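Structures for review follow.
Each of the two complexes below includes subunit A, the first together with subunit B, the second together with subunit C.
Up next is the complex of A and B:
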């Protein structure tokens, strides 16, 4: 049973993914086509990309609720900057702006010692307000059609967002599992005071992680903006729920210290699969939000039961 | 000796903090806006703003219990929208009083559900209520098919718009709620349990307090007060809109409680502080609105107030050398 639980933590999401695939291939004759599958993966990229950042944050023992506002801010900056300075520079500066928000988050959390949840809850509102102010409360249309290539273009038949996701995955995987910095993130997440006493620069690590989270949100915002060619200050309200659900469903432990990036990647695709399935049934868009909420509670439910089981084992003196 | 004296001063400073800073802040705010805006300083505006204060202040009671208990609930805004559309849609069928009771009972039940999830599965409150926030909101959309419910029932409308002896009924209701909550917090064992669990969960558990039951009751209380607030707010607006109602409510309520001097992370709190902080937030919003400031700036302003409040509490405790006040 312990082995099963440990295994579940690592690959639990595969069970969901396989079950979902089997169900969908029975329900829809179009599911088992490369186009459909690539589309589902491409739609899952936003969740997965922001999920990578969120995985680092949760591994660190924090959260970032401001990601959807950062996406909106990036979108607004892109739409304003592209006509002025061209696409590559506009993307670059918008991502810098996104990172800057993360820097502010990190500074407030570490230097003013404010709880990360409250900080990012406040920043969510502030940044959403700033996005609306910068855009003047309007949606801004982008006329450069070339920009659309970023989110909708294909290379060798595979949509570009998938490449972006894979590149980011490799980078984050390397950061989390193969650098001292990644180990430090886990250390801070497992036991912050121990990490501090052993001489880690906890504040610096935290700030850097929050910058990375905002960076991933910026990337997701860029992809979304390029797909619609509109700068939307109210973009993707509630997206933070998807990002956190993806991370927890992927097996990253809520108590911090253990991140599971593979899980995040596949959980992102799984959420996209749910959306596809709901579209098949033809339900309204509100059901998407409902389903993500239910999946989150379900994932927490399983996480909670697993925690309780391991606790009783520990109480019995069995080594876990 | 000198050191002791300094400590005494620090302590006194900390004790005085909550009781004088917020009223001062409030008076300062009212004076500034009264100078800036002729529309602000009318008696009508000042009284109707007090009515709007009750919207935040009633919800802040439950949240104050919740934060003292060491958790917080961010599903309150969506819960408010869901119970408002549920209750008001039943108005034509079952009439005013039963519909109000139904609303309050359903919201208490939703709070109870939150509590059960949090305690029995040991999921952190924040993440559970984050999930619930979206579930409640989408249920509100689905139930109404995204169309607002218009309210015509006199009793329901009275709760948000009516006057008793010239005083808005919402204010009377708010003061009543605060009275009951104060009794509950300061004069009943339950209040002491809440503070005990928030201060040190393990110690509370070991001294025989049924921590789970206290937590579930606290979340039920959050639901109860959200239910009352939802009736008052939807009555004032004359309709219950599943998308707009309670948007950002959790945020304003948490800001009120924290600005009121209750420290995040649990422990003893300040109920009246939450009340004064609700006034500060409402009059700030009202003043900015009357000065024709973009509503987007109001988001920014309240966000900054929240961060300011939390770091102020932090600084206060640092000054006091991390001691309980």
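Up next is the complex of A and C:
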């Protein structure tokens, strides 16, 4: 039992994913076609990509609630900049803008010492406001059709967003598990006082993590904008919930110190699979939001039971 | 079954958990008005035994007789109502409620059809209990505003308010200063006079001897024996605890003689509200102890030397050059290491592995590709190199630090500073909350480090440690140096006197 629980912590979401696949392959004859599967994965890329950033933030012991607003801001900047300076430069500058929001988040949290939850909550509405102001309150259509390639194009039959996700996964994986910086993130999230005493540059680490979260939000915003070719200042309201759900479901500890990027990757795909399944049985799209909320609470509930069970074992003096 | 003078009698008590027998066929008894000390190393079964008494664990085998009746507790509430109060190491007080509310939580006096709290009566009742213990605390104070020692008094008051016949105290003095311990002992003596029985669990043997009528030793879940305090010795009890003859607590210590070589000079060092114009020297390879009760500023001084607390004035000369240490980073760069007294909250990185805990400070150096990626093999080499001296017992490199014993956790935290090749090591309470065997090992490690040329600055609230371990000991009283002792002039009585401001020899 203990072994199973420890295994669950590491690859629990993978079990869900396999179970979901088996269920769907029985329920739908179309599921086991490569197009369907690639489509599900492609739809899961936003959640996974922002989830990578969120995984770092939660490992750090923080939260970033401003990610969906950053997606919208990126979208608006893209739609305005593309006609002016061309696609590559517009993407570059929009991502810089996204990173800049993260920098501000980080500076407020570390230098003004405001709680991260409240800071990013406030920044969420501020950034939404900025996006609306910049866009003049309307949606801006992008006429450069080539831009669509970013989010809808395929290479060797695989949709581009999947490549982007894989590249980001590799980068974030190395950052978190194989660089001193990643080690420092875990240390700060595990015990900030101890990290300070150990001479880590805690503030700088925090700022950089918030920049990275915003960067992932910027990338997700870029993909989504390219798929619709519209700059939308009200893009993806509530998407932050998906990002957090994906992270927690993937096994990243809510109390910080332990990030699970593999879990985040699979959880992103799993959420997308739920959407597909709901579609399949003809549930209206409005219910998708509802399903994410339920999954989040369920994930935390299961994690809580598991944690309490292990605690009781520990209290009884059993090695876990 | 009632015997005239026996309040509690446990016969053949056994409790097993999958894979371990935590308590194995233990007989134990407490008389009316007796203080009975329960000692044993970590894992000896003390905690399990009292948790059975407290109703946390069900009794598996054996029987318990309390105040004449056979009892079997299935809940903590039941045990409390029968007259047994357990004061655990982690207090069960609610910080955001007042002292009075905490004492009478769940049974507040009511008025107006029993709907509203009768605040006046609540506070008056609480005052009554506190007065009985001669504790000067306003019952309306929030618990969060009380120092640890006073919180403990509140716990005792709460126990008393239940008219408990038996109060069990688990390591009550672990976080108290000597003066607070004295106050606690007075209270315990008072309780004994009133006929209340106490089970007293402590790592500190001298306390057990000072306080208790009898001592029972547990080891590996078995009862080794019960002795009457006046008919035994510390040596015998330690022998019973560890199962082998330990001649001298600080034996086997070899001091390497060396030329006195000055490494650091501190001049007129001041910290606002805490330290006034303190000056001292530190020599290479010596252990310098700092003694002082709470209010002496000892902990502030040590924290400040490492740069985690700002100083007001004064000068530090390190290896012949004046230096300014404004942060932990500055200190580490100069060659300082620091181990906090608060291992749980500021020492260990609980979610990380043993390996990662040790290497965190220098992880940037254990890399390849211009410091981009961590080189696992180098990291392990570094760890093993350090661990040759520390002898940390762990299962595998991936094991999390929280699953180690307190002693091994402490070694990890010390190891973290050693990987930096520090020249000065500041240790606050190096052996707090760890068992006898591990203590001796930490002492050995400290002496070895000193012999290798590392200068150690340490403080401890355990007197024997300050008396026996350091080469020199400086006593602070109210932020100023009150006395200094070297190995020849060191006497326990003089040290204690200096700590409480009676330095005039």
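Following the convention adopted for this analysis, the second predicted complex is superposed on the first by the 320 of 320 C-alpha atoms of A that agree within 3 Å, B and C clash if a C-alpha of one lies under 4 Å from a C-alpha of the other, contacts with A are read in each partner's own complex, and residues count from 1 in each chain.
Just so it is clear, a contact is a pair of C-beta atoms (placed from the backbone, for glycine too) under 8 Å apart; a residue touches a chain by one contact, two chains touch by 3 or more.
The structure displayed is predicted, hence computed values, not measured ones.
When the two complexes are overlaid, the chain among subunit B and subunit C that reaches more residues of subunit A is B. Once the two complexes are laid over each other on the shared chain, residue contacts for A:123 go to subunit B alone; subunit C is not touched. Of the two partner chains placed around the shared chain by superposition, subunit C is the only one that A:197 touches, whereas subunit B remains out of contact. Contact with neither subunit B nor subunit C is seen for A:153 once the two complexes are overlaid on the shared chain. Of the two partner chains placed by the overlay, only subunit B lies in contact with A:305; subunit C stays clear of it. Shared interface residues of subunit A (contacting subunit B in one complex, subunit C in the other): none. Subunit A contributes residues 63, 108, 112-115, 117-119, 121-126, 128-130, 132-133, 137, 238, 240-241, 244-245, 248, 254, 284, 286-287, 289-290, 292-294, 296-297, 300-301, 303-305, 307-308 to its touches with subunit B in the complex. By the touch criterion stated above, subunit C contacts subunit A in their complex at residues 17-20, 22, 43, 48, 57, 306, 308, 327-329, 331-332, 338, 340, 342, 345-352, 356, 360-361, 363-364, 367, 371-374, 403, 416. For subunit A in complex with subunit C, the touching residues are 174, 178-180, 183-184, 186-187, 189-191, 193-201, 253, 255-258, 316-320. Listing the residues of subunit B that touch subunit A in their complex gives 72, 74, 117, 121-124, 126-128, 130-135, 137-139, 141-142, 146, 248, 251, 254-255, 258, 264-265, 294, 296-300, 302-304, 306-307, 310-311, 314.
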